[in-house]
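Here chain A shows up in two complexes: once beside chain B, once beside chain C.
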Partner chain A sequence: MLDGKLLDRHARILFPLPAVVFTLALLVFPVAYTVWVSLTNWNLTTGLPPRFVGLKSYAAVVQDPRFWSAFVRTLYFTGMAVAAETVLGVIWALVLNRNFAGKGIVKTLLLLPLVATPVAIGISWTLFYEPTIGLANWGLRAIGLQGLNWLTDRGVVLPALALIDLWQWTPLIALITLAGLAGLSLEPYESARVDGANGWQIFWHITLPMVAPAVLTGVLLRSIDALKTFDIIYSTTLGGPSFASETLNIYSYNLSFNYFRLGQAAASLIFLFALVLSFSAVVSRLRRRLGV
Partner chain B sequence: MKKILLAALLVAMAVAMVGAQGTTIRVLLSNHPYTEFLKPLIPEFERTYGVKVNLETYDENQLSAKLMTEFATRMSTVDVFMTRPLQEGKLMYLNGWYENLSPYLKDSKKTPRDFDFGDFAQSAVGVSTYAKNVYAFPLVTEWQVLYYRTDLFAAAGLKPPTTFAELEAAAKKLTDPSKDQYGIVSRGQGNPAVTQFSSYLYGYGGDFLKGGKAAVESPEFLAALKYYGGLLKNYGPPGVTGMSWAQGLSLFQAGKVAMWTDASTFLGQITDPAKSTVADKVGVAAFPAGPKGNKPYFVTAWAMSIAKQSRQKAAAYNFLTWATSKAMLTKALGQASVAVARNSPWSNPGILAAFDATQKQLAETASKTIPLATGYDRPLMTAVGAARDAIGPLIVTAIETGGTANQAAQAKKVAESLNELLDAAGELGK
Partner chain C sequence: MKTIARKLLFALLVLLIVLPVIFPLLWILMSSFKTQVDITASPPRWLFEPTLRNFEKVFREQNFLKFFMNSTIVGVTATLLSLALGLPAAWSIARFKQTKLNLLILVARIMPGIALLLPWFLIFSRLGLIDSYAALIMSHIVIGLPLVVWIMSSFFEQVPLEIEESARVDGATRQRTFVEIVLPISSPGVVTATTLSFLFSWNNFMFSQVLSMERTRTLPIAIYNFVSYAEIDWGAVMAAAVVIIAPAIVLTMFFQKYVIRGLTMGAVKG
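After this line comes the complex of A and B, so read on.
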């Protein structure tokens, strides 16, 4: 029977225990297991049990030209999507930071893409992008432009996917920036106005530096997410045409669930893990340098 | 306190045991017309056998991935599942994930007397037989056909094409982009396109593998690519390189294309007025002949099996024999135009008499195709998934360039990676 004394004596162990178990089971174990699998030659098409082979799976992955193309594409997609989201998101936040009629409704509408299911978004956008019967080309033709093969033209597919990401995630940057703006003190603005600064100077020299920590937090969150984008790409192009939209996560998915080379898939995911980790480290350092 | 805990525990156990008395099986099926047909009949099985069925359905690639992952982790609760013998059969067999069904068939207590296993098409049983044991019961056969719009053909004074040359001429005549009207659609998305490209390839005398080695560099293969690419680029809808069967089906149902070459399975869906705007304007013809003959594929597309690690094998086997019984598959052919892998439904006079015009045409394409057919629609090897992904880009490039590119160098690289895959599985040169 648990009496009060027992509980008191072991409280420092008992209370954090659920959190520790949770962390071990859901964070430490999967990562450790992935590392272990990446060091084996586990391949379901052989019908043999996994065997330890050291770094051979890593070697196989880095020798695959598809891995490097996917690597570059991951960076390209992330850079394109997050840069555009940041600029647009900050502009949105500045607009929403003013008072105007219907602000509440606009804010709510802005939130809608954030709460939609990614796969449903992918399917809707696939219809939207459909070259013959889709709305996107109908719009282009209505203003006298030629329709595009949005998801099947190798040169267009990644920007088209980034546009979906932009539509869904710009509101997140806007909301985080807005929270940052709300917390700013008004004094610097007053003195700036007294000194005769114009609107642009105020934004560039006062608002932006002060709100930068919030924006950077948004950029960090979005980048980590964009680097491992899966659902939108999988539900629209499956990485096609001819792998032209295959990012690292899609590549790893193909290795595991299409080719059943689990060792190599784990190795490729460890690379993605390292990429995300190093990116976070860079941004954290940047934030510290900015003194925030 | 202790007593309350104990009592609660006992109640919980009692509830769990009562729950366990009624058997429940987990059944994973593919999104296929056969599944659409079977779904509403499952309560009938549940009543007859007192077994609850938890049904899950997935698209074919997701189904494969789900099954493999569950089986590989050895934690699966799957009892019965649909499987593609040509795609994953060898892999499942090698890993020991299929239950060996031969002992069941020999046991008259387990197999109903009227099951008549000999009624399944011999070749269809063959693809799921390893070391003289049967690991899955064949369900559906598929062959490549040409669906066409009877109204557009009549208006243009055309007859269903019987050769590749006629096919191209008809496609040309029926293409009018200003009206969003395209002559033909077929799969262009790399991996899924491989199977529907196969009949075109065989028509040019080519093949994926020859003597256990990649044959994608052969002049026949390159000629087939040229033809397929030109056909779909010039007379196909925009964005064809992103299309698998689902997109081709929607375009045909929406009346945007005049012809569609794909598997024979889709007739029911394009003649259903609830789904198709052209339901009463559809014809089906046998796949046309290429310059080197007419050898379209005819395959066992789907089979059904029991998971080796199933804990409800008796109930699972009941479900399997019920779902693949003579009565059931006869009904599937008659009601849903599903091309079942048993012989008797195809000679059942009641079924044949009740066929409408398009169903009769479909049956004709089957009898025309069977004597000529090639028994596979993809390279026969263990690493089929990777092989299809390797071959896919050849088809995509052919379509993107309208068949004008010289693809020899690209094909050479693809051949190398196919040979590596064969070598890794110990199948090279065999």
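After this line comes the complex of A and C, so read on.
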């Protein structure tokens, strides 16, 4: 009885307490630990105890050309994938934004790539991209083109991986935009039609500004995840051929769990975290400016 | 005449959207019933005699039943614990406008997983918790908890304050009001949060790849290890993919309304 009263009186502290303790233990403490590791020269392969070296690990990371290539690649992959997903997703949403028989089924089908296990998808695309028996090259040859080495050609591998991302995540942008379109008020459309605006003008001046917040939310969610893409790259190329698809996430993973250079790994993780964080801050500000 | 042409054009457009989305999944399903000869044929075979041999291999020789169980145990436990931690926290955040707390828990949503994985690996190694269900489940709660808090706090915000207040006037404690009144009203949100956190746990690869070994190996790791062989048994790999993807898809179809709502929530909420 007594603790029942206690819980009632201090609900605002006791209700969130377990979640806060958990978050402190598994999130805040580990991040603080990572920061500490990043200030040491800890390397598991040497067997020596970690020693405080200040910002030396950061310097080592910044001087590693592989880090900068991975950095540029991360932005390139994310930009390419998310831009294509946004354009395609918005077009899909505009096409589907009307009542028709089977709309429910279409929406369900769009949902399927979003929930399909990414590793299984990556591995399956390895079969599609297989140069001799894969569907992708069969398709290219069918229209008279030469087959590609999708995952082993340095110049092709990143767009090929972005294409997997495009397949899996365009539906998310489409569904988010559809949800945004469903919430629009009809009033501006009626007055625009009275004023004699044509379809293109209506789209450009009314629909687009009104769904922009929804689309931006989709872009934000997608970019945060795309910057951190791991499963699809790791399960298809491991960052190869010769690092040609090594993004920051894969680079940090390799430093941590293949080379065991923990100091440097931690430093590069801090960079990655800063990148994702500053990106979300910029997009959130952009959304606020658009008046959401 | 003109309307029929328009309808046909629209149907064609819809087909142009749906077909590329669905085709790779259908191809995976088809390939899982192919023999190695059919699957390595070039050009690809559209007609073939289906075989169950691949599924037999996956379950008999590769022990997928055990990995399936592991994925289920980890997914269900992590989801239940995420709800146990997240529901009261989300209610408190919504009721008392604890925005800072909200922010703290949501940082997990944008945090790169590896930034946590490296320290976890070091800490769990020291505690002897690598390849334990406990460590794996805790790591999956880190995925589920922010989802529960994000989804549920916005559902709880919509519960009218008067309902809670009248219950309290009648002498009910906050916890009784929460369990008997607030939660039942918000049950669609609970379904959404439950489904999504289970799906995200089911699909997780990175955490399990580092924190699990022989004993606690989950399905995504099992399929990944499968391909590291010199010559890939594509039929069996596709069967393994079906074994992993099918439950996620069945679950999604069952709860599709809730999944769509959960995944697109940010957009409507702004």
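The working rule: the second predicted complex is superposed on the first by the 280 of 292 C-alpha atoms of A that agree within 3 Å, B and C clash if a C-alpha of one lies under 4 Å from a C-alpha of the other, contacts with A are read in each partner's own complex, and residues count from 1 in each chain.
The criterion applied here is as follows: a residue touches a chain if its C-beta (ideal position, glycine included) is under 8 Å from a C-beta of that chain, and two chains touch if they have at least 3 such contacts.
The structure presented is a predicted model; accordingly, all values stated were derived computationally and were not measured.
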| item | value |
| --- | --- |
| Fit-or-clash call for chain B and chain C when the two complexes are aligned on chain A | clash |
| Partner chain in contact with A:Ala162 - chain B first, chain C second, else both or neither | neither |
| Chain B versus chain C, judged by how many residues of chain A each one touches | C |
| Which of chain B and chain C A:Ile133 touches, first, second, both or neither | both |
| Which of chain B and chain C A:Val20 touches, first, second, both or neither | second |
| Touched partner set for A:Leu112, first chain B, second chain C, both or neither | second |
| Chain B versus chain C as contact partner of A:Val90, first or second or both or neither | neither |
| Which of chain B and chain C A:Phe257 touches, first, second, both or neither | both |
| Partner chain(s) touched by A:Leu238 [first = chain B, second = chain C, both, neither] | first |
| Partner chain in contact with A:Ala81 - chain B first, chain C second, else both or neither | neither |
| Partner chain(s) touched by A:Phe273 [first = chain B, second = chain C, both, neither] | second |
| Footprint overlap on chain A, comparing chain B with chain C | 132-133, 257, 262 |
| Residue ranges of chain B in contact with chain A within the complex | 1-2, 61, 64-65, 68-69, 72, 91, 94-96, 180, 182, 188-191, 237-242, 251, 254, 256, 382-383, 385-386, 389, 392-393, 396-397, 400, 424-425 |
| Chain A - residues contacting chain B, complex | 1, 43-47, 130-133, 147, 149-152, 154, 237-238, 240-243, 254, 257-260, 262 |
| Chain C-facing residues of chain A, complex | 4-5, 7-8, 11-12, 15-16, 18-20, 22-23, 26-31, 33-34, 37, 92, 95-96, 100, 102, 106-121, 123-128, 132-133, 135, 138, 167, 170-172, 174-180, 183, 213-214, 217-218, 220-221, 224, 227-228, 230-231, 234-235, 249, 252-253, 256-257, 262, 265-266, 269-270, 272-273, 276-277, 280, 292 |
| List of chain C residues in touch with chain A within their complex | 10, 13-14, 17-18, 20-22, 24-25, 27-28, 31, 39-44, 84-86, 88-89, 91-93, 95-96, 98, 101, 104-105, 107-123, 138-139, 141-142, 145, 149, 173-175, 178, 199, 202-203, 205-206, 210, 219-220, 223-224, 226-227, 234, 237-238, 240-241, 244-245, 248-249, 251-253, 256, 259-260, 263-264, 266-268, 270 |
